[in-house]
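Two complexes follow with subunit A in common, the first pairing it with subunit B and the second with subunit C.
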Partner chain A sequence: MTATAGGSEKRSWTATVRRAGLRALPPEKLLPDEQPVYVASWVYVFGVLTVAALIIVIGSGVVLALKGPAWWHVSSVGLFLNSVHLWSVELFFFFMVVHLWAKFFMAAWRGRRAMTWVTGAVAFIVSIGAAFTGYLSQQNFASQWIASQAKDGLNSVGIGAFFNVLDFGQMFTWHVVLLPLGIVVVVLAHVLLVRKHGVVPPLPARDSVTAESGDAVGERDGR
Partner chain B sequence: MSARKTSADETWEGGYRPYDLVKEFVIALVVVGMLTVALAGVFSSPDKRAVTIAQWSRADPTDFATTALTELDGTSTTATYGPPYNTTPGAGQKIGPISLQRLAGVRIPIETARDFVLAPLASLASDQPALGRALRVYQQATDVQRQRWTDAYAKALTHATFRNGALLVPSGDYGPVEPIVARLVAFARSGGLDGALVTHSQFYATDYTKPLLFMADSTYLQGLAQQEHLLGGQWGMTNETGNFPGQSWLWLYTFWYQISPFKTSTNADALIWAIMAILTLALILVPFIPGIRSIPRRLPLYRLIWRDYYRSVEHQPESTTGA
Partner chain C sequence: MMGEETMVGGVDTILAAGLNGTPYYIHWGWFQISASNLAVIVLMLLVFVLAVAVPFPGRRR
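After this line comes the complex of A and B, so read on.
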């Protein structure tokens, strides 16, 4: 609770937002130095590994963007940076998919954590779009072929009329600005939701073995 | 009752242990950074050079001429594609009775005869009177006459040879089509057509729609893709040139193209997109889908993840573990 010198509560928008933020995510929740005892498996590492790989993806992508899309074709340093970008993307997806499956098998949406799952799944989908536009922005044979093939799928449902994979300029802008921004925003929301709600506890020890109707239990899962 | 230490809204009410999140993150960043640098250093990344129309027309002038002729007579894949490129009657994939492709309309208008053949050559006509005359004759001819010339030339191209920089076909009545195609071949081989297709109205250009559509109509590009195991029947986009991992996360999308009825359906793209849209939505909404959200409870995999926890609660008396 914030009070003025006179004792009355501050009513500014800024103070209201700060109070709401602190209520939702007090510092001890935002950066906890302890976790429930059940958080004791290597599978938990894949979330932070995904974020770490994303940082490498963005870092290498920023350098490639600074030098322009043609640089890596003519520079050995550029080729190395492109390789770092490629392999960090491969690792990013590997870590993310393991993380996703692990959270699925933990039914990690329980206890008002549905939005945590939703933001995670959306991050996965947006990441596929970002990687796809990255392949289109390579300016090599793979880009040409992927563009010529992917256009048919996008055109078949009307998307290609507005999202033209044969237009390098459009795809490059999506790849270096719009989709990375989308990923960062969604991942940030996802991580804050994880911090807010905490790591989902284990399924009931005996229910889990004997439950006849998962749905009956699951009715409360998505709330 | 179950032995657990969680409240009704799945809030943990049991014990905690020290956990250094920042340290874990820093270690993860260092490990992933080192792993990435090692992979990049050892394996590098693929970069098969982009194909140009000049390269195509030099490597396979007959294929280029044959493709150019289909652009001129309006029988190429692009010429008959439908939306978003043109208004070919009946073209456009459907999902049931609905064609989203047609609903989106023609947003990237392409008329292949004009855009791929006649307009690029018209830019040369001022210096080449014979070419100018051929273009005028072709444009002033009736559709029937044009088709007679292009049909005859299409047959002649099946016997074409290329010697001393010129496309040689058996003699016949091809009207202006022969000089038009011959000049386009020469223009393409010089590299001029690559530029003409991307810079028709302004100096700066980033839109490669026309040259890519032109090349995609050829068998040359297909052949190169087949060598690199990139065709749709070879799992297409999940692969990458050379021996590098591609977009393996697209495996499910590509999978549908490998099986019937999609493998042979004329609406395969639209149907597969519809399926993937539903599956994507289902993935996002897993917590709300009865049955799907209960799968984890029916599989013992979570007991592996939380094995220490279950071992501890299942070896304690009920009274000491109940919430």
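After this line comes the complex of A and C, so read on.
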């Protein structure tokens, strides 16, 4: 029984996925209880601030989606949640841009972290689409103006056939289902990659660790 | 945008005047940017510089 169970476990796809997951992200990497000393800097907090803002964006957005435009335009609580949604998005982009600058200037793609950089860039681009469709979902004169301008813009670059920005239903679905799903998936992959490869060290660290082995320094610097 | 019809006075009116008024634009030749967007960019730069320069509390070196 034990031998059979062991054999079937080896063949099971769920066991294979679990083993691969544990190999790539053992618990001490997935939920570390300490970080390298260079992480003790304000410049390293903007990634988690971005994620915190995203949680507020999604939480307020879920309530807005459940209650609908007639609620968020009229009731005092609806107006408040609408403002929370808007300003958390402002903070989300604010923190994300500072995070992007920090990672760009420390060349955060070093040490096999190219996919971490790429997923961050994709998250940024998808977020712009989500913010744009959010403006289109306001159901006011501003959203009509933005939609009519964007229609010409999208047509001018040849992708107007794929999106009808004048169609509120289509844009609202993109805003509340497809794009948030895309952002969550990409951000999740981004965070898991950060956990897998570790937080990138600052550039001067290469000179301060010359006593270490060449392999360790080379791996860290992407050589 | 944020339901101006419910704003009746006091702080709401001040905020509405600040946020819903005609946007002020700054021009440098061909370049044009709204004052609010420029303010956000300057604030981001300031926060970035402070994040690099200000020591993190409890840092052991």
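Following the convention adopted for this analysis, the second predicted complex is superposed on the first by the 194 of 223 C-alpha atoms of A that agree within 3 Å, B and C clash if a C-alpha of one lies under 4 Å from a C-alpha of the other, contacts with A are read in each partner's own complex, and residues count from 1 in each chain.
The rule we apply is simple: a residue touches a chain if its C-beta (ideal position, glycine included) is under 8 Å from a C-beta of that chain, and two chains touch if they have at least 3 such contacts.
Bear in mind the structure is a predicted one, so any value in this text is a computation, not a measurement.
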Contacts of A:V176 with subunit B and subunit C, given as first, second, both or neither: neither
Partner chain in contact with A:V74 - subunit B first, subunit C second, else both or neither: second
Partner chain in contact with A:V37 - subunit B first, subunit C second, else both or neither: both
First (subunit B), second (subunit C), both or neither touched by A:V126: neither
A:N140 touches, of subunit B and subunit C: first, second, both or neither? both
Which of subunit B and subunit C A:V98 touches, first, second, both or neither: second
Touching partner for A:V187 - first (subunit B), second (subunit C), both, neither: neither
Comparing the two partners subunit B and subunit C, which touches a greater set of residues in subunit A: B
Subunit B and subunit C contact sites that coincide on subunit A, given as residue numbers: 37, 40-41, 43, 45, 73, 79, 82-83, 86, 90, 97, 102, 138, 140, 142
Residues of subunit A defined as touching subunit B within the complex: 31-41, 43, 45, 48-49, 51-53, 55-56, 72-73, 79-80, 82-88, 90-91, 93, 97, 102, 104-107, 109-114, 117-118, 121-122, 124-125, 128, 131-132, 135, 138-150, 152-153, 155-162, 164, 166-170, 172, 198, 200-208, 211, 213-215, 217-222
Subunit A partner contacts - residues on subunit C that touch it in the complex: 1-3, 6, 40, 43-44, 47-48, 50-52, 54, 56, 58-61
Residue ranges of subunit A in contact with subunit C within the complex: 37, 40-43, 45-46, 73-74, 76, 79, 82-83, 86, 90, 94, 97-98, 101-102, 138, 140, 142
Of subunit B, residues touching subunit A in the complex: 1-6, 8-12, 14-22, 24-25, 28-29, 31-33, 35-37, 39-41, 43-51, 81, 83-84, 93, 95, 100-101, 103-108, 206-209, 212-213, 215-216, 221, 224-225, 228, 230, 232, 236-237, 240-241, 244-250, 267, 269-270, 272-274, 277, 280, 283-288, 290-291, 293-299, 301-303, 305-310, 313-314
